[in-house]
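The structures come next, written out as structure tokens.
One chain, chain A, links the two complexes that follow: it is found with chain B in the first and with chain C in the second.
On to the complex of A and B.
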């Protein structure tokens, strides 16, 4: 229990960040909520439409639901690449005795490259004419028939914009998971090995349950980042195909100047993130209880 | 404690003064108050524009502004350019929403611009040019391109371009085809070129508007600009005969493989390179590309093979061969907020000097009189395309991206890619777009 003076000090020190949080995060959310009840093109007078924008979003806009479906697929691909890849690499790193630092650094590198550079890089990789790296590789290995304009083909564009995002942050999550693995007491693992557990059992029964709190954090981070994913999809496809809710919202606001409807979508994204986080915590808690 | 209070009050008072100063430093005039009274006090002004940094307009205006600054100490024209058009429009619309547009800004004659004009945010350019005694110097086509549907003029043109189809004679000969006489000849020509292993038409799909130009061609040839003027308001439909013909033609272009594979993710530089490297047979672009296509800088093997043709006609169409897309580029609007004697004086000086300076950069002026000085290494093609500017007919095709409301335009650009790629059928395309335009068009153009 903190003494009274200490509590006061804590409150004083917490106040500035809370103030910044309120101004930087809560205010825009409240503003968006307010704007979502209006129709506004940015220059004419705002017109109150009540829940009209929400009604349109939920019942009258097929593009929105298509974008929502795309966002879900985008999130799944990102999660598999980011969390699956991170878990796999972190586990493999635990087996290595030499060269860990080099691999860690190389794997982390994409996370520090600028988004625009990644966008240009993958535009070149996916290019069909001039032939990009991916299509060239397919030709070299005799799979030239699979070569295609990955960013123009409506069947591949969504995966093509998801992969760079997954690739980019898998190193970061690998580092977090690897650090969690490293914090497991060596005695526990040694005792388990003496009891005769194999590598899979060691992972499934000892390591993974031990890092569960860190895992939940990374899942929450990866899910919310994926639901808010915007920059790479926007840079690579510019919303031509495979539109996500975020790119659709951006286009609705800043190209179509329909700020009210775009605000309704932004409110949807906030709620969607909160629901996703709630579900993750709920599921994880149930698993622990079981 | 008392000192702290005094300090806090002083800071607040200073802040209030600064803020109130910010709010009242720029005066505003009525759109038709084109010659505001008062002393010319030199200060910095800004131009938010969407033009290439090293292009003719910025080069010329930089020189003119520097000359003006010599006699007006303290004056400076600040250029804030975003050549990428979609990004520029987003920036412009955001600044307009925040009421933070600078003294001068680029804008097309779009419905959004019309709203700004209606709101009183733009100076009446026709009145301004007449007041400056410059109105009659401008080409009619250059001014008409900038006008709103009601004939009002709120943007100053700075260019005069013609959009033609450059083609590679050797590649067409190799495929055994002639240049198309009618629009309906193009799909057949594409099929023949594809058969010969040649990319028929190179397309900058990333910018979206080049493909949208093709959508405008058939209706323009059939009925001039009447169709798009009605379509954008929901008074005509794509399911009408003219619209359906245009959509079918676009689908035919796609099924004939007219554009390079993956065209929708090809950017401007790559699209141009396909033509200049001799891989693509046709490149539909404007005279702004002449410094690349019409000079000796281009590799001789391609340079000597380049010629051009004008937009093919349709059988029994309403427009003639010399009527096609001849834009005067994005126009410059003058903000009523900040329009003072200095801005007026500078603009008068700049617009008087501009034709001579701009013409010297090898570009065609939006005014008559001062001609174009061709670059020393210009080819014969350069001169011939420049000469086309004087032969443009009475009607010029209005690009659809400047006509439709932004929501319909965005959706059209997306759906067109799907139509040409064969991802949606003609009927699906028509159903979708008629629905989108019916929902947004009438609202955007409501009086």
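On to the complex of A and C.
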């Protein structure tokens, strides 16, 4: 603490950031809450409907529930690809004696590319005419029957819009988990190896339990990012089969200009994130205590 | 770092294995193991990198080759026509300029405001500081979607819609929490003696900030700027919501202009445009990847 400081100096340093943060984040959150109790198209008068929007969302809107189900599947696919891929690659990296830096960099590369560019890329990967990379690959390995226009087939569109997001950010989580693996003292692992522990035991009994706090952080990050995932599903699909809560909310707001209902959905997304974080901490902390 | 340190001990461990009677068999198992590891890594690297490579290869294909040929094939002819068409048909230079302005503007506020808040919270300290810190930290998990409708309405009332500010305000606002967090976790490590000595010499809080805290923060500033630049350069949702005219479009929005309304898209030119726009960030990333990777690791593991 500084000996010579005045209230004024504290305010001078604190007010500008608070003001900016307040304008960009806090005020819109409060406004959304407020708007969610109204029905409004932006032009005619606002109409107070109480909890009407929430009642409609939970009880009267099948599209919302389908979007919610889609969001859950989207999240599962992202989690498996991102965290599963991250654990696998971090573990493989630990066994290498050289080339680690290069592989880390290359694995992270998709993370620096914009979602719009990734959207274009995957449109061509999934396409049927001209035959895209995925369908061509299936033909080459003799599974040509499976070839299809992945983004317009209602059975595959959800998976097709989820995979690019998983692919894109796996590198980020790999970095975090790898850094945590590296912080385990070399002596512990060597002692285990001398005791004849195999790679799987090393992972399951030593490394994974050791990095638990970091693992909780990465799960929280991956879950909350997946729950607010938007860009790629929005860019790659139009219909309701590839629609998430976020993209449904966006179209409700800016295509149908139903601001009140959209605000209720955006409040739902925030609550959903808070509940998810609470659940993760609750479940994973308890396991540590046992 | 631990990896480098453990190398000699690994080597002595190998030697020990050889000295054992069972050492040879052990060694062969390790070789098989290593081959499997490398094969797996190679497959994963192909999945991560080949699509990007394919993007670049396609951008130098002729249109005819793209439409008719095997997507995996090597281009029959090398052409830069696609790049020429990409610059002709779109406002590519303008989009790049807009992205540069938004990225610099947002970073400026993220760094300055993040440092100021961290200085007030960590160095000056005051009653109620804990609550203010919590309010900032809450911002880390608030989804950006909640701000879209209110900001759109507010902007249209005060005439900020379709300006650089309409993007910079929420981009900076949502990134300030992480910035405050990174700066204050760094300021913890500046020993209080440094400040006390400066105070005795008569320096007030402003001079101490300018002459001690700011110069010491350089490394953290680099980290914050690098990590945020990736997200801001590629940002889509705010730009897509608040920008209406072509003149203000950033790269992600501008790229969408290349998709033809009638479904006949000039894909090779589009890919050339994509390559032009992702190359700057990719080069920066490849050159500075050490600093960036440290930033990403640090930002996440400390959180």
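The working rule: the second predicted complex is superposed on the first by the 263 of 290 C-alpha atoms of A that agree within 3 Å, B and C clash if a C-alpha of one lies under 4 Å from a C-alpha of the other, contacts with A are read in each partner's own complex, and residues count from 1 in each chain.
Rule of thumb we're sticking to: a contact is a pair of C-beta atoms (placed from the backbone, for glycine too) under 8 Å apart; a residue touches a chain by one contact, two chains touch by 3 or more.
Just so it is clear, the structure is predicted and the values come from calculations on it, not from any experiment.
A.B. asks: Based on the superposed arrangement, let me know which partner A:142 touches: chain B (first), chain C (second), both, or neither?
C.D. replies: Neither partner.
A.B. asks: Quick check for you: in the superposed arrangement, does A:131 touch first (chain B), second (chain C), both or neither?
C.D. replies: Touch partner of A:131: chain C, not chain B.
A.B. asks: With both complexes superposed on chain A, which partner does A:115 reach: first (chain B), second (chain C), both or neither?
C.D. replies: A:115: touches chain C, not chain B.
A.B. asks: Between chain B (first) and chain C (second), which does A:259 come into contact with in this model arrangement: first, second, both, or neither?
C.D. replies: It touches chain B and chain C both.
A.B. asks: In the overlay, answer first, second, both or neither for which of chain B and chain C A:42 touches.
C.D. replies: Once the two structures are laid over each other on A, A:42 reaches both partners.
A.B. asks: Which of the two partners, first being chain B and second being chain C, lies in contact with A:270: first, second, both, or neither?
C.D. replies: After superposition on chain A, A:270 lies in contact with chain C alone.
A.B. asks: When the two structures are overlaid on chain A, which partner does A:199 contact: first (chain B), second (chain C), both, or neither?
C.D. replies: second
A.B. asks: So, does A:100 touch the first partner chain B, the second partner chain C, both, or neither?
C.D. replies: second
A.B. asks: Of the two partner chains, chain B (first) and chain C (second), which one does A:50 touch, if any: first, second, both, or neither?
C.D. replies: Neither partner.
A.B. asks: Any idea whether chain B or chain C touches more of chain A?
C.D. replies: Comparing touch counts on chain A for chain B and chain C gives C.
A.B. asks: Once the two structures are fitted together, what part of chain A is touched by chain B and by chain C alike?
C.D. replies: In chain A, residues 42, 130, 254, 259 are touched by chain B and also by chain C.
A.B. asks: Under the stated contact criterion, what part of chain C meets chain A in this complex?
C.D. replies: So the residues of chain C in touch with chain A come to 1-3, 5-7, 9-10, 13, 33-34, 37, 40-41, 44-45, 47-49, 51-52, 54-55, 58, 66-68, 70-72, 109, 113-114, 116-117, 119-121, 123-126, 132, 135-136, 139, 141-154, 169-170, 172-174, 176-177, 180, 192, 195-196, 199, 204-206, 208-209, 230, 233-234, 236-237, 241, 251-253, 255-256, 259, 267, 270-271, 274, 277-278, 281-282, 285-286, 289-290, 293, 296-297, 300-301, 303.
A.B. asks: Across the complex, what residues on chain A touch chain C?
C.D. replies: It comes out as residues 1-7, 9-10, 12-14, 16-18, 20-21, 23-29, 31-32, 35, 42, 85, 88-89, 92, 95-97, 100-101, 103-117, 120-121, 124-125, 130-133, 136-137, 140, 167, 170-172, 175-176, 179-180, 182-186, 190, 193-194, 199, 214, 217-218, 221, 224, 227-228, 230-231, 235, 246, 249-250, 253-254, 259, 262-263, 266-267, 269-270, 273-274, 277.
A.B. asks: How about chain B: which of its residues touch chain A in the complex?
C.D. replies: 86, 89-90, 93-94, 96-97, 112, 115-116, 119, 121, 199, 205-206, 208, 260-266, 270, 273-274, 406-407, 410-411, 413-414, 417-418, 421, 423
A.B. asks: Applying the document's contact rule, which stretches of chain A touch chain B when the two form their complex?
C.D. replies: Touch residues, chain A against chain B: 41-44, 63, 123, 126-130, 148-149, 151-154, 237-241, 251-252, 254-259.
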